[in-house]
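What follows is a pair of complexes built around chain A, which joins chain B in one and chain C in the other.
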Partner chain A sequence: MIPGVDGFMYPNEIELQWGLLIVLYPYITGLVAGAFILASLERVFKVEAVRPTYRLALLTALAFLLVAPLPLQLHLGHPERSMEMYLTPHTSSAMAMFGFVYLWYLTVVLLLEIWLDYRVDIVRMAQSTTGFMRLVYKALTLGSENVSPAARRIDDKVGYTVTVIGIPSAFLLHGYVGFIFGSIKANPWWSTPLMPIVFLFSAMTSGIAAVLLLYMASVKVKKIPIDMRCLDTIGKYLFYTFLIDFTLEMLDLVHRTYEADESFRSLDFMVHTRLMFSQIILQILLGTLVPLALLAANQLWKFSEAKRRVMYLTAALLTMVGIFAMRWNVVIGGQLFSKSFLGYTTYKVSFAAREGLFTAVGLMILPFVIFVVLVILLPPWPERSET
Partner chain B sequence: MLHTAYRPEKEMGLRRIFTDSGHLVRPAVVLIAALGIFLIIRALVIPKAFGQYGHYRPAALMEIRQRPIVYAGQDQCVMCHDDEAKTRAAGKHAHVACEACHGPLASHANDPAAHVPKLPDVANLCRRCHEKDAAKPPGFPQVVTAEHSGGMTCNSCHQPHNPHL
Partner chain C sequence: MEISRRDLFTIGGKLLVLASAGATLEQITGAEPATEAYKMADHWWGMIVDIDKCIGCGNCVRACSNENHVPDGYFRTWVERYQVTEDQQPQVDSPNGAIDGFPPSTHTGVKSFFVPKLCNQCAHSPCVQVCPVGATFVSPDGVVLVDQSYCLGCRYCVQACPYGCRYLHPDTKTVDKCTLCYHRITQGLTTACCENCPTGARQLVDFKNPKDPVHEFLRHNKVQILKPYMATGAKVYYKDLDGSVR
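Entry: the complex of A and B
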């Protein structure tokens, strides 16, 4: 008997091939897509209230996007070979095509939008700074210091267009991650056309929550007054997207339960045993129902500012945990049962391994480090930029 | 595209629009330059005629063809080892190829005197196919080797070429 294995398991199913890092991957790309969509709310849908988070959201998206491929690279035994995907891509491979979606999104959407939005600041800093930083900003101006009102108006128009293109791109970016799982027909836990949509909405939910947290944190660090109208509006959007996300997931669940195909007993058993904690308790109870209740309460009643802040903070933190648990349950859950539906295995996270816990923690810290660097390089606060 | 999106005030001439949107050319140039560098690197590093017959290097076919042959095929073995061939044909291993147990022996078949093969390591050989595993078809003969053999080597009871006792 192999420890951790119950019932009948095919030999190649006993050890999980996709571990913690593959859980991180959709989590991180989800944050990118979510943060970007929040930024585009302000830009395209003219939601003025979330203005203070616009630049913050763009920088968050960039910081996480830069880290997004790293879990996959670390997962590969031969990371250098991932370049082959760009050099000789196979059109029938979703993963290969995804590489191009990633590049498109990084260069044509995100970098361009940030550049257009920051151009005025970059040019000003290229003139006001000295030494090495001056060179950096000079390089960032790409050699043009034309920030006349007319040029800025053009930038604004072009930036708007880029954002409009960016929304479907962000949807594609994360829909694709869901697509990769949803199209694995051998795995009933993954194989559903709902997967890309569920991933998309959970991405938006987690991204909005992340920007909300980063906004609250940056306000604390910078000691600037918090914009409660902004916070309330983000809270409202978080509530809406989370509600849609939850509805979709429940739809999936109800559908599976009612359909009760040959995989159902096995999946049902798993949810009641090995996934009890991560799915029922972490994801659904703590990670969804509690934050939803907190956010809903804010839609129904008016609380004091201090209370609201605590409620949003708690809701956003729990949301982040809940969405992480959701990724975990999808990726890990999908590998815990046998394709024979007669056996179950277990997954143990290793510590200091290439795909272990330390690596994962490092990968989660890295985007925040990049974020801080970006914020120092391109301060998103108008206060700073006026000095 | 930029010019249709942007409606200039009347007093602005076409020239002004050009100077004011001139900076937009720069990221485009950077992007195109990056794309160009990528294409050059790609042209340099991907193998010649990649994709001629399919999604692989056509030269790979030649390289593989030039590798030395390592398996002789059992028709060869049977020509010289008549006894073993007869023994095997009479038993349950009739359809197990010689080299499935003996390993690749083309060099031996070409020059038997120069390359005398080592005999298989029985302790590990039989296990490879007969160890009990729930994933194997139930009709396939399988034993929990540790319990079944009682620590003796398999060929102290079974004959490898005709495993019947």
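Entry: the complex of A and C
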């Protein structure tokens, strides 16, 4: 008997190849895509109510996007060779496209949109600040200091176009991450054409929840009154997106159960044993049904402002936990059973290893540190930027 | 043109010097003399496995491990023991890949047989498809290989292999797998596992060689590949493979 193994695993399968860091990778890119799509609601779909979160969402997306490649890089056996993915990409590989999708999203979409949106503020700050910060802002203007109404109109038009391009790009970014898993025919837990779309909607859900939390935290820190209309609108979008996401996941579950192909017994066993806590309790009950109920209640009844705040806060926190559990169940769950369907292995998170818990915690803290730096550098609040 | 005895000695002497210099160079560089006969395009390698002949001795696993310096706990080839009940429920074991064979069975009244496993050298290999940098590839003679100097160690190929044949080498941090003893077969030898199989259960075959016994074998036997529904173009054919084998 091999410790941690039940039944029969092919001998090379006992050790998991993709661990906690690969769980973080779709989680972080999902937050990027979701936050950007929330930002586009205001810009493209003219949902004025979410305006207070527009810049916050863009900065959130950027903070997480900057961290997104790190878990992958730390996971590689030879990180020093990662540039080969750019230089000699293998065109039939879904993973080879990551670098290009990432660069496109980072430079063409996010950086450009943030720069265009902040350009007037940057120019103003380049004039009003002194010393080192003046140099920083001066550099950030990229030599473009024309803030005439005509120039602003051009900024706005180009910014709008970038956002329009950005929406399918955000879909591409995260749909593509889903495709990496969904296209592996050897693994029945992953192999479904629904995977990209499930990833996409779960990304939107987690991204919206993240921005909602950051908005609530930032008004608390800034001691400014919270815009309840904005919070209600984000709550509404979170509810509908989550509902679609949950429906898609349930469709996948019902389809698997009804088809009951040769992998079903194995997967069913796994859900009832090794994934019982992370899938049934964390993902479905606590991470989906409870937040959905809280959000649905707000669509049906009118609660007091204080109650609504608590409800949204709880719902958003649980959503973040639920989507993380979903990523865990996909990535780790997909490697806990043998491709022979005759056995199961165990995954134990190490603490201080390169791919261990401490690294993962550090990688999850890092985007928030970057976010704080970005917020200080590029204040998203209008009253600050006026000064 | 007339060649005098003097000229003959001069030319002969020069040739002798050149030949010995060449031989010395070969010794210095350690290069093998070029095998003039081996042309990749003339071969298409695979293997046939006769389930009924396998006795589960583990010789193949040991031979492979020694020949290819396979790290402990990882396997380029292994042997599985299937013990299948009447209702076709298999009990499978492969203690340490069967490198030391198998302990006596405790099951009675079951159908029992051994299944040697190795990379199926798929013609439409999912592992090759997913490699982000093309470090793993199918050679023109049909062997799936990994360029160790190029592999990123991302392990996407490990996930894509339906047969569990790949692993990350703990020392090189690159993906490793059965090479069908490429260093041997291109020198006219057979693989280490085939050479050491006492019953001839495993045989290296060349589908492009019209004289290879594989053609006769495939004409006269019922054969099967593993997981045919995966459509990987596997080139390891099993004779009398039981339906319970995964």
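Miscellaneous remarks
Following the convention adopted for this analysis, the second predicted complex is superposed on the first by the 387 of 387 C-alpha atoms of A that agree within 3 Å, B and C clash if a C-alpha of one lies under 4 Å from a C-alpha of the other, contacts with A are read in each partner's own complex, and residues count from 1 in each chain.
Here, contacts are C-beta pairs under 8 Å (C-beta built on N, C-alpha and C of every residue); 3 or more make two chains touch, one makes a residue touch a chain.
Everything numeric here is computed off the predicted structure, so don't read it as measured data.
Once the two complexes are overlaid on the shared chain, A:H75 sits against chain C while remaining clear of chain B. By the touch criterion defined above, A:F8 lies against chain B and chain C together after alignment on the C-alpha atoms of chain A. Of the two partner chains, chain C is the only one that A:K339 touches; chain B does not reach it. In the superposed pair of complexes, A:M85 makes contact with chain C only, with no contact to chain B.
Of the two partner chains placed by superposition, A:A353 touches none, neither chain B nor chain C. In the superposition on chain A, no contact is made by A:A139 with either chain B or chain C.
Shared-chain residue A:V310: touches no atom of chain B or chain C.
Using the contact criterion defined above for the overlaid structures, shared-chain residue A:A217 touches neither chain B nor chain C, since it reaches no partner.
Which of chain B and chain C touches more residues of chain A is settled by the count: it is C.
Shared contact residues of chain A, touching chain B in one structure and chain C in the other: 8, 10-11, 88, 90. Those residues of chain A that touch chain B in the shared complex are 8, 10-11, 86-88, 90, 107-108, 111-112, 115, 119, 142-144, 146, 148, 150-151, 153-155, 157-158, 161.
Residues of chain A that touch chain C in their complex: 7-13, 15, 17-18, 72, 75-79, 81-82, 84-85, 88-90, 92-96, 98, 180, 184-187, 335, 338-343.
Residues of chain C that touch chain A in their complex: 73-75, 78, 80, 90-94, 96-97, 117, 126, 128-134, 150-156, 158-168, 172-175, 230, 246.
Within the complex formed with chain A, the residues of chain B that make contact are 1-2, 5-6, 8, 12, 16-17, 19-24, 26-27, 30-31, 34, 38, 42, 45-46, 50-51, 55, 133-135.
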